[in-house]
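Let me begin by handing over the structure; questions about it come next.
Naming follows writing order (A, B and C), and every chain is counted from residue 1.
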Amino acid sequence: MQPNVTTLLSQIRQTKARNLFARDFLLTWEKELPDIERILLVAEALQLLRQDNISTRCYDSGLAVSIFRDQSTRTRFAFASAANLLGLEVSELDEEKSQVAHGETVRETANMISFMADFIGIRDDIYLGEGNAYMREVGAALDDGYEQGVLQQRPGLVNLQCDVDHPTQSLADLLHLKHTFGSLDALRGKKIAMSWAYSPSYGKPLSVPQGIIGLLTRFGMELVLAHPEGYDLLPEVAKLAEDNARQSGGSFALTHSMDDAFCDADIVYPKSWAPFRVMEQRTELLRQNDKAGLKELERQCLLQNARFKDWQCTRERMQRTRNGEALYMHCLPADISGVSCETGEVEAAVFEKYRIQTYKEASYKPYIIASMMMSMGFEDVAGVLEQLWQEGKARKFYPH
Amino acid sequence: MQPNVTTLLSQIRQTKARNLFARDFLLTWEKELPDIERILLVAEALQLLRQDNISTRCYDSGLAVSIFRDQSTRTRFAFASAANLLGLEVSELDEEKSQVAHGETVRETANMISFMADFIGIRDDIYLGEGNAYMREVGAALDDGYEQGVLQQRPGLVNLQCDVDHPTQSLADLLHLKHTFGSLDALRGKKIAMSWAYSPSYGKPLSVPQGIIGLLTRFGMELVLAHPEGYDLLPEVAKLAEDNARQSGGSFALTHSMDDAFCDADIVYPKSWAPFRVMEQRTELLRQNDKAGLKELERQCLLQNARFKDWQCTRERMQRTRNGEALYMHCLPADISGVSCETGEVEAAVFEKYRIQTYKEASYKPYIIASMMMSMGFEDVAGVLEQLWQEGKARKFYPH
Amino acid sequence: MQPNVTTLLSQIRQTKARNLFARDFLLTWEKELPDIERILLVAEALQLLRQDNISTRCYDSGLAVSIFRDQSTRTRFAFASAANLLGLEVSELDEEKSQVAHGETVRETANMISFMADFIGIRDDIYLGEGNAYMREVGAALDDGYEQGVLQQRPGLVNLQCDVDHPTQSLADLLHLKHTFGSLDALRGKKIAMSWAYSPSYGKPLSVPQGIIGLLTRFGMELVLAHPEGYDLLPEVAKLAEDNARQSGGSFALTHSMDDAFCDADIVYPKSWAPFRVMEQRTELLRQNDKAGLKELERQCLLQNARFKDWQCTRERMQRTRNGEALYMHCLPADISGVSCETGEVEAAVFEKYRIQTYKEASYKPYIIASMMMSMGFEDVAGVLEQLWQEGKARKFYPH
């Protein structure tokens, strides 16, 4: 069932991707469908070559700079793995985490870290209205630096999660769905429930659900977004999902009932997030460094969350899905009831049943990131892959 | 006197190592003698090739992940050096140091960091009863992930020091002895004093003395373990040392007199450690996060230590050793009286005399770690080394 | 106007550099003019090769260790970039920042981190009288370790900024001047104002102005050092600048008027620093860990600084320079009035006019560091560069 390299290369050549090479990757909805398809295909090709012990180093030297403005283990390792796979060395910028830099500081720092950088991966999802804007500010500084001859090359930006989108996650999720259901076409008409779920923690970013509704509505799926009243996502992303669904021949619906969302679903994605209005207040309080205000907001928000403890992915609810066998998805780590917390997003028995599948879902992320970088770095990415394949240099030494 | 590459390759081929390839390296006593011998031989071959400016990169890409659950400079550099020598890039997991993770967190994290990892080095020596158990928990999670198709490869685990053993240290020590005395056979009948020594600090792990008595008793040595009453090591490791000695034709004895231990010794290894009963209490208090209790335990323990200030490696005591010229060993850094503390493990004059030798002892560690990884990664490790040698790619550019 | 590779290689061969290969790089004034010239030429060749997508990896494996005893973003990235360009992997020593280690600790640590290290870059500019001395202490330990057979190779030391000099900065500045004015010869007779400037912060190191006056006086320039009374640099460096100027046929003058310094200047370098007497007191107080004393010293020093708020690089002052068009230089980040602070070193309009030029000035630093390492590592550096050029291995994959 796994495609072979020849097939993949031919498919990559057929995708008319026009927005990857020499562009940044900040939002999936800035890319056309062939761009998205190519990202998946190149990721699959990279995975296949690695599996065959073929080195995919296409850089003999060069840096992949990472800027993490909040804590991260999974994404840091995914980025490091992707960079290493292509022959780039990670160099991490250790900014003062609490401080939102602007203006000259951003402009200057962007250039100072980029003299030998081929890519910069940025994660900035704490401040609503800030993360994506920051990435664009960095991008403009790099354009300027490159045009003015400060930089020999214009490093490509990879959004490793912002306040608006989480493209490396949603594309890894999409590749997982492609492999699970056999093809992107097979997703047409499938019902997916992107549902809020209870968590005892607070302030989880909106980028995962936003990324999911912004991307999966483009493949003719029946997407149902479910959350308690007051837990809205960014209105412009919801609007975009609606438009996507209309154009792709799918649907996008909102419900305030988790049960309704799960009904006959082929796929469920139960995950907690904070309401965007709370995130807005939080951003304001963080900006003012109002610690008392932040504490009070957290208290209120946790109280409000607690009213929705029944928004949990239980075995009973899973019974409502198609044949009781919907695919459970999560970006990890999940809040598992009785395991990582008393009551959380998902019952232990449900999580355990799908645990290995969520790990596989996560396993695509390094390849998705490597694919993004390779597709941004090389116009004829199929040509590069083909030559790497034919040269067949061993990743791990193989005595001959 | 240094063997040449041909001899080493032939010796490697003769060692019937059956427990290295595709296995973890967690305790030296889980390995058979030929395994141990091969680790030394491969380390020597790597050192020889590097000395001849021959690159030993056997990975074109790949990660060597490190997890340090306590502070470390020497071992971090040794691990980074070893990884680099083989062509692997280090990616460090920065866990919350104070938190003992278990269950789903370990299982999940182990997989999340391993998608492109060929090896994982773990150091976890703070909690008695925890470190080695944690490594095995990680190992089981990796087995599961590999079998279920989450991981393309099963990363090998390297114990970089746990509560029970410190194999990279004891094997570096053994290689130092092999070079100092000419061969492993030459160690037969040699008397070594593994002795407790006074230190003004507290809570030093037991893994170094345990690693020494667990390994060196296998080579027919006369091993004397010396410590004040109450400073026992883990009983099961002491038992193991006894059994080893019996089987190897050596001996294992316990004394509460440093003078007796030093008497006619060929080698002395004076080093401080905490009694395992104290380490047990400490683990309990750390688990309960009982700060007052920990403070009180430290106070008591330092008081108790202070009763044994005369357990010092002095010039006078060194006179009691064979011809007054025993080899002094230490894993570094030593507590040197009048240098790093008022009174410590060793007199300045003794340390100074053997300083360069302790540095050489330490210099084997990167090669031992690289040897472990190479022997775990390649079944025909001699074949790989031979081909690298014949290809003769320069590590440092050599114009021709 | 940019030289081609052939020309550069021939120029490199003509420079009789005698103090680079197998030496440390700690102070520019320990190097002869041909050494300095070669550093620039090799940096230019590396830049040219990279621009032509030719890999300059001359190490297949090896570590470039960095020791940063104070915060740094720019220099960390420049060092990481330089190491990567040559094929070396950075391994950072994370010392206790607050502690000045000496004696056995330095000696031992220097060896422990060097088993596979080809270079060690050190930044230590906090304690006057300490930084450069520390580097020499490390160097002596490495000599010892290498001679005694502990180390297979003697890692070369690169001064990444100390209390006395900042060679990677001053050489990047010199390369910027060479490119701006066309050649080193063209600098003869040019007037440069190295001027103190007001900053609301305190305790900025003296190494940048000292580096500038110690280096640029060697090229026949008319160097004017300007600062308020009491803001003296180290007397021995001022003395050296005087001697340099005399020998090179240039001049070195001191003034307490920023206006006088700017008068007809071809180049201005306005930058804040602390008086060396304050730095001496600060070192003493830091040593005694006298927090109250440090606070009081800072208060006094800021008060004193505030008396010289008019020491600012304004548009008006720039009008006094040659045709009102002097080249403005800065090591970045600058304290820009109304941007990064209320009143600072430079008016926003002046900085903005020269912003891109300061970025270019900074862009030479990775190449300067790489050039230092390559020139220290290879006697026939032109031969190595020529062979890399002829082999023409692509840095970034280029399908053929």
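The rule we apply is simple: a contact is a pair of C-beta atoms (placed from the backbone, for glycine too) under 8 Å apart; a residue touches a chain by one contact, two chains touch by 3 or more.
This is a predicted model, so every value here is computed, not measured.
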| item | value |
| --- | --- |
| Copy pair chain A, chain B: interface residue numbering same or different (half cut) | different |
| Angle of rotation relating chain B to chain C [CA atoms, steps of 5 degrees] | 120 |
| Between chain A and chain B, centroid-to-centroid distance (C-alpha), Å | 41 |
| Residue list for chain B, restricted to those that touch at least two other chains | 89 |
| Chain B partner contacts - residues on chain A that touch it in the complex | 47, 50-51, 55-57, 73-74, 77-78, 80-81, 84-85, 87, 89-90, 332-333, 336, 339-340, 356, 359-360, 362-363, 365-366, 393-397, 399-400 |
| Partner chain A, residues of chain B touching it in the complex | 58-63, 65, 89, 91, 93-94, 103-105, 108-109, 111-113, 115-116, 118, 144-145, 148-152, 377-378, 380, 383-384, 387-388 |
